[in-house]
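Heads up, the thing below is written out as C-alpha cells.
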C-alpha cells in the first residue's frame, strides 16, 4: 500500500486584490515573477533580528503577514497593507460566477467582527442606513465597539437583541441594499 | 531645595524620557506599575517600581491623585513629574503636591488654573496686548447672544467648550441660519464630554497655520522662549508631525510672536516649561489660542535645535535655580522634524490598530533621535494612546532634514501592527510640503491619499500571498507521513486495545 | 472493432457511452452552478491516477416506475471506488448531480452500501462527496430503504474507521442523517446546503420566508448549528482540507495516527513567551490559541468547529511529530465558561479521539458553567454531563494543564485527576478553588460583611487574602490533586515526556455492551 505519492495539481495561482485586480503566478514556489516579459527572481529573506523582507530588483521591501485565514491574506509591504484571496484557476472561475449571481441577490448580512455582548441596537427593522453608519454597539474586551453598516439600504431583519452574547461572525442583522 | 528622587506619574515614552534625564542628574526615579501593562519597558528603566496593579475602584491609575500622593509620601519621594496628559494640567494635583510638601515639577497650580480657563486666559492676553481673535468676552449664555457676537466679528465663527480640548465640543458655524442649531449641539457635546455646557465663541480662521512657542521661566521672574514649533500637519486636531523652526516665520515675526508668548507667561508669573499656541493666517497675522502648562509631546524638536534638555531645566527650575541663559544666548541651530509613529490603520481612516509589536528597529546615527516606550514584544493596549514612537531628525537645513527623514523612515521597521509610517512617506512625497507651503487643512485638502506605496509593492504582496498559500499546500501535501509508525504498536497494548 | 483479432466492440461501445455521459455538456451544467463534477472532485481528492472506479456501468433497475420515468444512465448518479490519499487506501463515493439531480434510488443506494461495506472490511477511511436532490421520488419506498441501509452502515463503521462527509451541493431530508452520523462534515460556502425540511415546506407550514443559505448554508451550520465542522470558500480547498484532516487520523481503530517529522524551524523546547501570555489581572482575557501554537509543532494545529461554540477550542495538532487532540477553554469568548454548545462540541471530539487512539491534551482556564435561565432550562445539566462522561470513559492518555482559573464543577469536568487524568499540571498562575474569590467571600463572610462599617474595603481585603491563601495551585499540588506545578516556559518539554511515558497506557474498563452516555 505504500505506493509512491503522486499529486500533480495545476501550480498556477491567482492573488485577487480587494479591488478585484488579479495577479497570476504560474509557479509561485519557484520564486520568480514574469515582469514586463522577463523572468525576474524574488528573494525572500529574514534578517538576524527576525524581520522578513523581499529583495526585488536589488531593492529591499519589508514584509509582514497581518492576517491569514484559509485563502484570505493581508500582507503588509513597507508599511502599507494589501488584502487578497488566493485562487486557483477553477476557484477563480467559481468566484466570478458566484459574484455575478450575488449581484442580483440584494440582501447582505452584517456580522459580529469579534465575540462580545450587544450593548445597544441603534436601528430598527425598516430603518434606512447609510454606508458607514453605526448600527450596533458591541462590548468586547471591556470596550464598546461601534459596528457600522458596510452598505446603504434598509434594515430587513435584526437577528439579535440587547444583552445577547454573540460569537465572532454571528449574523447581527440583514440589510436590503438600495 | 535639591531634588534627589522623582516619582513619574506617567508611562510609556515620556516616562522613559524623564528617567533618562533623572539618571543623568543622579536622581532616583520611581515608576508606577499598572495591571494594564505590567511588562512595559518604562518600568525596567526606573530605579524603583510602585505597584498599582491592584485596582480598588474605576479611577484610572494615572488619574488617582490621592493614591499617587500617598505613595509618593510613603516612599519619601522629593518630587513628582506628571509628564503630559493625565494629571499634567490638573491644578488640584499641583495644589495637593504643594500641600503635602512634594515638589510638583511644573508651574504653580494658580498658573495651571488660569491658563486652563479659556475665558481668564483670553482676558490676560487682551490685557497684555497679545492679538486675539474677535469673539465673546466670556462664555455665551444663549443662541441669541451667540448670534449677536457672530454678527459683530463676522462669519465664519467657531464655538468652543470652555472646559474643552482635543476637538470635542467644537463647532464651526458658516452661516447665520445654523448658529442656533450648532450652539445647542456644542453645549450638549460639552456637557457630555466635560460635565460643563459653557461655550464661548470666536472668529474662525480658515486654513491657518498652527505655531507654538516653547517657554521656560524660573521662579525668579525670568522667562525666555526657545523658538517656535510648526504643528500644522494635523488630523482632527491631533498633531502628526512637528518641526522647528517653522518655514513660515522670519526673525522679525519670530521676535514679535516670541515676545507675545513671554508676555502671556509673565502675566501668570509662569515658571517651568510651557507652550503658547498661536494661529497664523496667510497674511502673517497671528492670534493667541491657548497656553499649555506642561511639557509637550513634541518637545524634542526644540531640544534638538536649541541643545537644551527641557526636562533637566524643568527639574532645575523646580529646585529653585535661576535660568542659566538669557534670551540672547538662545540660538536656533539647524532644523528638526518629529514624525509621530502611531499604531493606526491609515488605510482605514486612522483607526487604532491594537496588537503586539513583534519587532521594532530603526537606523541609528548622529542626526536621528528616537523616543519610544515600546520594544520587541510590547503590547499596544486599548487603554492608552496609540503612539509607538517619535522619530526626530536633526539636520543643517530643512531640505536635508527631509532627505534624512526619507531614509530613516524607510529603515524604520515595525512588525506586528499597522502603523502610520506609510502616512509619513506620503507626506514626504508631497511637493507643497517639501516647499514648506502648508497649513492645518493639509490633510483634508492637499494630501489626496494618506499613505504612499510604490507601484511594485502590491505585486510583491500578491506574490507573497500566492507563495505562502502554495507553500502551505505543499507542506500539507508533501511532508512525509509515517503511516507505518502508526502500525508499530507494542504487543502489550495491541491485544488489549479493544475493550 | 477488433483488438488482436478479438471482438471488443461492445466493451468499447460501453466505454464510449460512459465517456459521453461525462462530456462537456454535463460538466457545463455543474460549472454553471459554481460547482465541480463528481469526477473532477474525485480527481482533486485522490493522489493522481490512483482512483479505481467500480460499478461504473450499473443502471437503475426499473426505468418505468408507474409514477414518472427514471433516466437510464451508467452509474445511476453515483461514482464509487477506492484510491490513495497521501499513499493511504481510502474508499469514497461521489454523487453525480448531472444524473437525475444525484437523487438516491435503490441501485444508487446499493452502490454506496457496497463501498461502505468494503471500507469497513478493509479498515480504511470512508469519504462521501454529497451533492444530491434527495430520495428519488419515483422509486418510492425502495429509496427510503436505501437511506436506512446507508445509515445502518454509518453506525456500524462508527468508531472503527474514520468517516467524513463532504457536502458540495444540496443534502436535504433523510440525506442529512448520514453526514450527521459521520465523524466530520465539510461544507463549501455558498454552494452547499443541509436541511431536514426545505424553505418551501417552511413557507407552507409556518408561512416564513427563508433562503436556502439562511436555512442551511455553510455559515449557519458552522456558526449556529454546529453541524459542519469545516467550511471552505471553494470546492478545491474543501477537498484539500479533507486530505489534510486525514493526515491526523489513523486508517482504523487498531492503528495509531501517522507521525510526521519535525520541521527544521521547529518550536523551541523552551518558550519564554508562555510565561507572559496569561495576564496578571484574573479578569483579563487572552487568546488560548496563542498558547496552543507555542506548545505544539509549528503550524500543526488544525482547529475543528472554529466558529461554533468559540468558548471551547478543539482540534488536532502534533507534538514532537505525534498526533494529539486538544480541548482548551477560550478565555477570550464568554470568559471561557462552559455552556451547552461547548459541552456537546467538546464531548463529541473527546469520543472521536478515544475511539481512534488520539491522546488528549486539556488546557484549562474555566471560571465555571455559564449561568442563566436559558442554559438551565435547555438542559445544561445533561449536556454538561456529556463532556464529563466522555472524559471519564476515555482510555487514551490524557493530560491537563491548568493555565489559570479552575473553579467548581468545571474543575471536575475538565479532566481532573479523579476523573482519570493521567498527568495534571498547573502553571503558577493557576487558581484552583470551589469558587471565585468574590463569590466565596460573599458566602463565607456574609455576616461579617453586613456588620462592617466599610463593607467594600473589607471585601477587597478578603478577596485579596482569598487569592493568596486559597486560589492558587499549591494547595492542590501539596495534596496530590495536581502532579506538578510547572514553569510555563518548559511546558512543551514536560508534555512530550509525559505523553511518551503514557504511550502504552492500557485500561481495563468493565465488560459491558456499552455505557449509557447522557444523550
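Every chain is named by a letter (A, B and C) in the order it is written, and numbering of its residues begins at 1.
To be clear about the criterion, a contact is a pair of C-beta atoms (placed from the backbone, for glycine too) under 8 Å apart; a residue touches a chain by one contact, two chains touch by 3 or more.
Since we're looking at a predicted model, the values are computed, not measured.
Participant: Per-chain Cα mean versus the mean over all protein Cα atoms: which chain has them closest together?
Facilitator: Checking distances from each chain centre to the full centroid gives A.
Participant: Among the chains in this structure, which pair is joined by the largest number of C-beta pairs in contact?
Facilitator: Looking at every pair of chains, the most contacts join A-B.
Participant: Please compute the C-alpha centroid of chain A, do the same for chain C, then give the distance between them in whole Å.
Facilitator: Chain A and chain C have C-alpha centres separated by 25 Å.
Participant: How many angstrom lie between the CA centroids of chain B and chain C, rounded to a whole number?
Facilitator: 50
Participant: Could you tell me the distance, in whole angstrom, between the mean C-alpha positions of chain A and chain B?
Facilitator: The answer is 33 Å.
Participant: What residues in chain B touch two or more of the other chains?
Facilitator: Those would be 477, 483.
Participant: Mind pulling the residue numbers of chain A that touch at least two other chains?
Facilitator: Those would be 2, 5, 7, 71, 141.
Participant: Could you check chain C for residues that touch two or more other chains and list them?
Facilitator: Those would be 86-88.
Participant: How about chain A: which of its residues touch chain B in the complex?
Facilitator: Where chain A meets chain B, its residues are 2, 5, 7, 11, 13-15, 17, 21, 23, 25, 28-29, 31, 33, 35, 42, 44, 49-52, 54, 56-57, 61-66, 68, 71, 73, 75-82, 84, 86, 141, 143.
Participant: How about chain B: which of its residues touch chain A in the complex?
Facilitator: Touch list, chain B to chain A: 345, 347, 358-359, 361, 382, 410, 413-416, 418-419, 421-422, 425, 451-454, 456-471, 474, 477-478, 483-484.
Participant: Can you tell me which positions in chain C touch chain B when the two form their complex?
Facilitator: The contact residues of chain C facing chain B are 86-88, 240, 243-244, 247, 250-251, 253-261, 263, 273, 276, 279-281, 284, 299, 321, 357, 395, 460, 464, 503-506, 508-509, 511.
Participant: In their complex, what parts of chain B are in touch with chain C?
Facilitator: Chain B reaches chain C through residues 35, 38-39, 53-54, 56, 377, 472-473, 475-477, 479-483, 485-487, 489-490, 492-494, 496-499.
Participant: If we count contacts the way the header does, which residues on chain C are in touch with chain A in the complex?
Facilitator: Counting only chain C, the residues touching chain A are 31-32, 34-36, 44, 47-50, 84, 86-89, 190-191, 211, 219, 223-224, 232-237, 285, 307-310, 332-334.
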